[in-house]
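Look at the two complexes coming up: chain A is in both, with chain B in one and chain C in the other.
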Partner chain A sequence: MSTGSVEVVYRGIFQKTLAKNICRGVVFAAKKEGKIGTAFGRYSDSPERNGIPAKQFAVVSDTHDELQEHLARYEPDNNDVTIACDDALCKGVESWAWYGLQPINKLLKKGGTLLVTSFQSPNKLINFIHRKGEPYNLALVRAAASFSGLWVYKDDHTDARLLGALAKVAPHIVGIDAICEVIKEQWKDDLKVASARKTYEATETIPVSADQGNEEVPFEFEKPGWKTMEEGLVIRGISAEQQKVEGWEGGYVPTRNPTFKKFSTRTMRPVINFDTCIKCTLCWLQCPDSCFDITPDGLYDANMEACCGCGVCEAVCPVEDCVTMVNEEAFDDNASQWEMWVKDKKGYETWMTEKISDKPPRSHGFHHVGQYAEETADEST
Partner chain B sequence: MSDVITETLDDYIKTQVLEAWKGPKTVPEQEYFTSGHRTCQGCESALVMKLMAKAAGPRTIILGSTGCMYVANTTYLSTPWSVPWMHTQLGSSGSAATGTAAGLRALMRKGKMEKERINVIAFCGDGGGADMGLSAISAALQHTEYNLLILMYDNESYANTDIQVSGSSPYGANSTFSPPGKERRIMHRRWKKNTAPMLAAGHPECKYVATVCMSYAVEAMNAVRKALSIGGPTFIHSLDPCPKGWDYDPMFSHELGELAVETGIWPLYEIEEGKIKMYGKSKRIVNGQMKRKPVQDYLLRQGRFAHFIDEDIEYFQAKTDEMWEKWLIPGVLPFSAEA
Partner chain C sequence: MNPPKTATAEQIVIGGSEELISGSEAIAHACRLADVDVITAYPIRPYDTVMQYVSQMISDGDFDCEFIVAESEHSQFEIVKHASAVGARVFVGSSGVGWFYAFEAMAVTAGLRMPMVAMVGNRALDDPGAFGVEHNDALAVRDLGWMLVWVETPQEALDTALIAYRVAEDKRIFLPCAVSCDGAFLTHSQAIVNVPDQATVDSFLPRYDRGDKLLHPDNPITIAPQANEDWVMEIRRQSDAAMRRARGVITEAYEDFGDKFGREQEPFIERYMMEDAEIALVGMGTLALPVKVAVRKMRAEGRKVGFVRVRWFRPFPTEELQDALSDVEAVGVIDRDYGFGSSFHSGVLANELRAALYPVENQPKIVSFIAGLGGREVNTDNVIVIAGMVADAASGGMNDQDTYWIGVRE
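This part shows the complex of A and B:
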């Protein structure tokens, strides 16, 4: 008698179908093994928004009673496996709902496995992942975070690969034969079955000890109890005054919402070349998230606590290579780029050149009709 | 008796002059809709909120009908608003705006509030405005004794509930209610509702109706400023690229807004005291200074049209050509006089 649960953490909308395919695949495969299960999304993540971390779950049990017992909670919190469909989620998850930042391994049980799609080294990821205080395992699937949109799915086998890897790290939940059978049934594609089996064979886990990982205390805030909430569902507005920040006198730093920061939505961040900026204001004006702080010298610095990485600033900047979107994994903190530049312009140039040269491809969905077919053809050659 | 009313009107309808901003460098720094909303990456409707609030300034009350701009901006006791904001029901932007403007006036008349010009803006989505809220907006636009602005942010679907077709969804678009199938490719066959001209033509005493797109931010903010200066009820319709519902990489939000205008799909104009004035690239199109780009440059960049075949693109192009070549007022008024 046992229950197994899998938590799939993914980028809202971009990976919604991917996550659904994984969770449904687990449940169908478990059924082949004579168990029962259910796949579901977390209510508070809906309606999903592009990029904002969301979760789906697959829970599998031997009996109905066990399954129901497990489901009688808001979100399964003792998972055998947590799958992070995008490795930038290792920096923490601030979901649509009201949490602050949740470490990616928070709902993973002691000794469970965190499964991540990534081309990074395990050590690099462990440095991002918050310290758990309990030992667990890390397994990597060497695949790109597959992003597509609501209507057109990019079928690059990432779903099959993750299912294959899952069978390796948690055979007590589903075995590889059942997984392959289900993939064959659902997609009628032998290549996809082969992808699952190949990943199953290649997947290795490494142990992570209780005290390994990022020591940072994830951002939290005090939630009012029902007795402290104000009448009439009043929410206090944000101050329209600018923040007073040392060293920023004469510039303008708007006050921001302290209970939702949005940076964990980001998979890329803008890097700014302050030397070539012509102060045209367009990045500042067009950023939907009001991220740009105006510096005392009239430049524009994207605030990394607020930036969700949409890339609009890069698209609107009229100066070539003045704003460059760079993979989020290239950064360890949310520090101000402008402050770094002011302190040491030569040093900043070296830093910036290194960052913008490190540009592994990462697509945020649909660019044009036919693109996914071209991309998957490239990937398989 | 009528004199008394005129006097009262004079006191409270008195409007203000919010000068047009001359370019992006003259736009003030203050944000009244700031960071920390739960919209998608690259959400242009969020940009509407930011720029609308900036254009209106701090002495503004904003009312918002249900939709993405309510749900993503105020749930879980967390908000990016710094001006007073209140939720109103999905079809109620018109009534909420009228009621708030009337309430403010009554409080000022009774001396319970200092007399002051406070902007009242009600926003609604295309579903909440052009479909469900049409009658309430119509009523609001007839009440010439109140100063108010209704701004409809049009992401071309009922977006918040995961993208259902609305009367403002474009022909053929994929949505939760119109998934292309094997037998039937085009499930949504209605042409987009022509909302702004309908409201302008139907409410001859409404002094200002305009279309905007946030890719032309300064012009859009100046439209808000004019709407709040001219006096009486006003209406602005904004077209907002929506990366989730339209299915495209969020970095293209700004560019798709430009393409909507450049292809002629989204004409930009102001109808001010009965006079129509095209502006920006739409003016250049009408004057023959600029050729419209083919609609496929816009359509094939969005996953919601990925099922289109040549014949669908041709149909879309022909209908768009008609707007510019056959309509009485090109891009604006669809019928023409009998020959």
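This part shows the complex of A and C:
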């Protein structure tokens, strides 16, 4: 008598098919072992928005009654395994359903396993992941944030590999033989079966203690009740009033939405070379989220509370290499780049050069034809 | 939009007078007197008569408003919804399936808290193509946050339309209100009406003030965002609270109306010969005419029969009906509508009334009658037959858990 539950956190639209393949794979494999199960998406993530964190779940049980107890929930909250299909999600999950920033391990049960596709080191990821307050395990599958299954993107076996890894970290949910049988049945591809087995064998978990991880209190807000919520479906416009920020006299920081932040929406962020900026205003004008604060000296500083990582600023900046999109994993905080630059210009140059040069492959954002093929070709693991 | 109204000599001549007018023309006068800013039109019988009178008033120079002929009822309701958001007093309306064509726009109007006033020229739902009265058109929005009121005479139509603006536009409410006028029997029948003067109307009806919910560049707001399960229930609860508050606001409005215009009436229901009544008949709209005549006839024969005419269906006058009907032995509800497959296959009013009277101590028997569909005449003989059946039910001689169709050919 038992129930197993798997949460798959992914980037909306881009990884939808990938997440679906994983969840359905779990249910099919469990069925081979005589269990029954269900796979479903968190309804409020739909319709999905580009890159916004979204979730699907697979729940399997020995009996129908047990399964029913876990059904009809938006978010099963006691998962044996949480799979993050993009390691930038380790910084937290900010659903389009709008409830603040949820730590990636929040719905993972004590002693469960967080399974992440990443090229990063486990320690680096643990630094991003919020402290759970309970011990759990971390397992990595060496892979990029995959687009596998999305439109014409080629099948890079990420689904099969994650299924293989899942069988290793949670054999009580599904075993590797059932997984392989299902992959063979669904895709009729021996290579894909081999990928699952290989990952199964290679996957190792490391324990994470209760007090390890990011100490930051995740961003939260209180939802208003019917007596406090404004009537008539009215949302007040954000006033154009200037926010007073110390050290910014003469600059301009607009007020921003107090509840909807974009911390985990982005997978990349712009790094700005303030020495070459010609103050043309294009990034400020074109940014879809009005991220740019005007600094006291007339430069443009992208505010990380608001940036969704779209890359428009990089595309419109007329100065070569003045704005460069860099992977989100390269950053530990959301601090102002301009303030760093003002304090120590030499130090900023070193920091900036390091960030720009350290650009592991990343598929969120389309830069040139053949980019994805190049990225997936690197994955020889 | 018009500048704030000051009554002109000419208007006082038009108003403050006795006129022989139909229910539709009475509604048009109410629009003029309320100085409505935006009216949208799309032809459908019997509602279209209001539009004819309104356009006549505009072309005669008696009334100044934006009169927009839309390409469909849906647009008709959408246009006034948006006009209401930017602070315009609006008037709209339709009949039968035309009303239904606007359903999407009507459904959101209440949630958006737009105080539009609409006139429904009650009409059967096509097919078959039929113009006569049935109440199913207006009743369709009964659970969506629309206030619904039925009237009997052209005078009541005019008075109630003015009251509807006062209630709908009250900041505590901001809900749409539909005034239902029975097709033909009210929309096309004339009576002597006291058309009030502008100054009295102005003293009763303040300007529409949307306050800080006004959609305007100086007040930057978004309305009608996308919301998920974390937010929707609170929004519905707000509409519920506004509808609950409407009871008090309606009562206030009737009191003030009585003071200003000298026409006192009980706000939610009309009680006709209900003192000492043992049998009560209940209905809405122009049905009241044959019922009242029949009640008088039966009273003359010594039968203790009375009549309760329901004016406001939303908010439903639960307390008033409990008060009026808890001492009678049996109630006969005459619905000019149908509720196929509902409890006891009854009409909408009958089942609503059953629910309202469920908790009272001396529950009367409640018998449901369907009559007058598609505009068929309900005559005094029909009413006397109905009252006889209700009396049988009171003495246990007839099944009260069924619904009886009156005036239908076998």
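The definition used in the following text is that the second predicted complex is superposed on the first by the 357 of 381 C-alpha atoms of A that agree within 3 Å, B and C clash if a C-alpha of one lies under 4 Å from a C-alpha of the other, contacts with A are read in each partner's own complex, and residues count from 1 in each chain.
The definition used in the following text is that contacts are C-beta pairs under 8 Å (C-beta built on N, C-alpha and C of every residue); 3 or more make two chains touch, one makes a residue touch a chain.
These numbers were taken from a predicted model, which means no experiment stands behind them.
Student: Clash or fit: chain B against chain C, after overlaying the two structures on chain A?
Tutor: clash
Student: Of the two partner chains, chain B (first) and chain C (second), which one does A:226 touch, if any: first, second, both, or neither?
Tutor: second
Student: Under the stated touch criterion, which partner chain does A:59 make contact with: chain B (first), chain C (second), both, or neither?
Tutor: Touch status of A:59: no partner.
Student: Which partner reaches more residues of chain A, chain B or chain C?
Tutor: Of the two chains, more chain A residues are contacted by B.
Student: Contact-wise, after the overlay, does A:193 reach chain B, chain C, both or neither (first, second, both, neither)?
Tutor: A:193: touches no partner chain.
Student: Quick one: classify A:237 as touching chain B (first), chain C (second), both or neither.
Tutor: A:237 sits against chain B and chain C alike.
Student: For the superposed three-chain model, which listed region of chain B (19-27, 91-99 or 307-315) is the one that clashes with chain C?
Tutor: 91-99
Student: Determine where on chain A the residues touched by chain B overlap those touched by chain C, and list them.
Tutor: 97-98, 223-224, 229, 235, 237, 239
Student: Hey, which residues of chain A end up touching chain B in the complex?
Tutor: These residues of chain A touch chain B: 12-13, 46-52, 96-98, 148-152, 223-224, 229, 235, 237-240, 242, 252, 254-262, 265, 280-282, 285-291, 294, 303, 306, 308-312, 314-316, 325, 363-369.
Student: Can you list the residues on chain C that touch chain A in the complex?
Tutor: Contact set of chain C toward chain A: 111-113, 174, 213, 220-225, 227-231, 233-235, 237-238, 241-242.
Student: Could you please specify the touching residues of chain B with respect to chain A in the complex?
Tutor: My answer: residues 24-25, 27, 29-44, 46-47, 50-51, 58, 68, 71-72, 74, 76-85, 160-163, 174, 214, 217, 243-245, 247-255, 300-306, 308.
Student: Residue numbers of chain A touching chain C in their complex, please.
Tutor: Residues 43-44, 74, 97-99, 223-226, 229, 231-237, 239.
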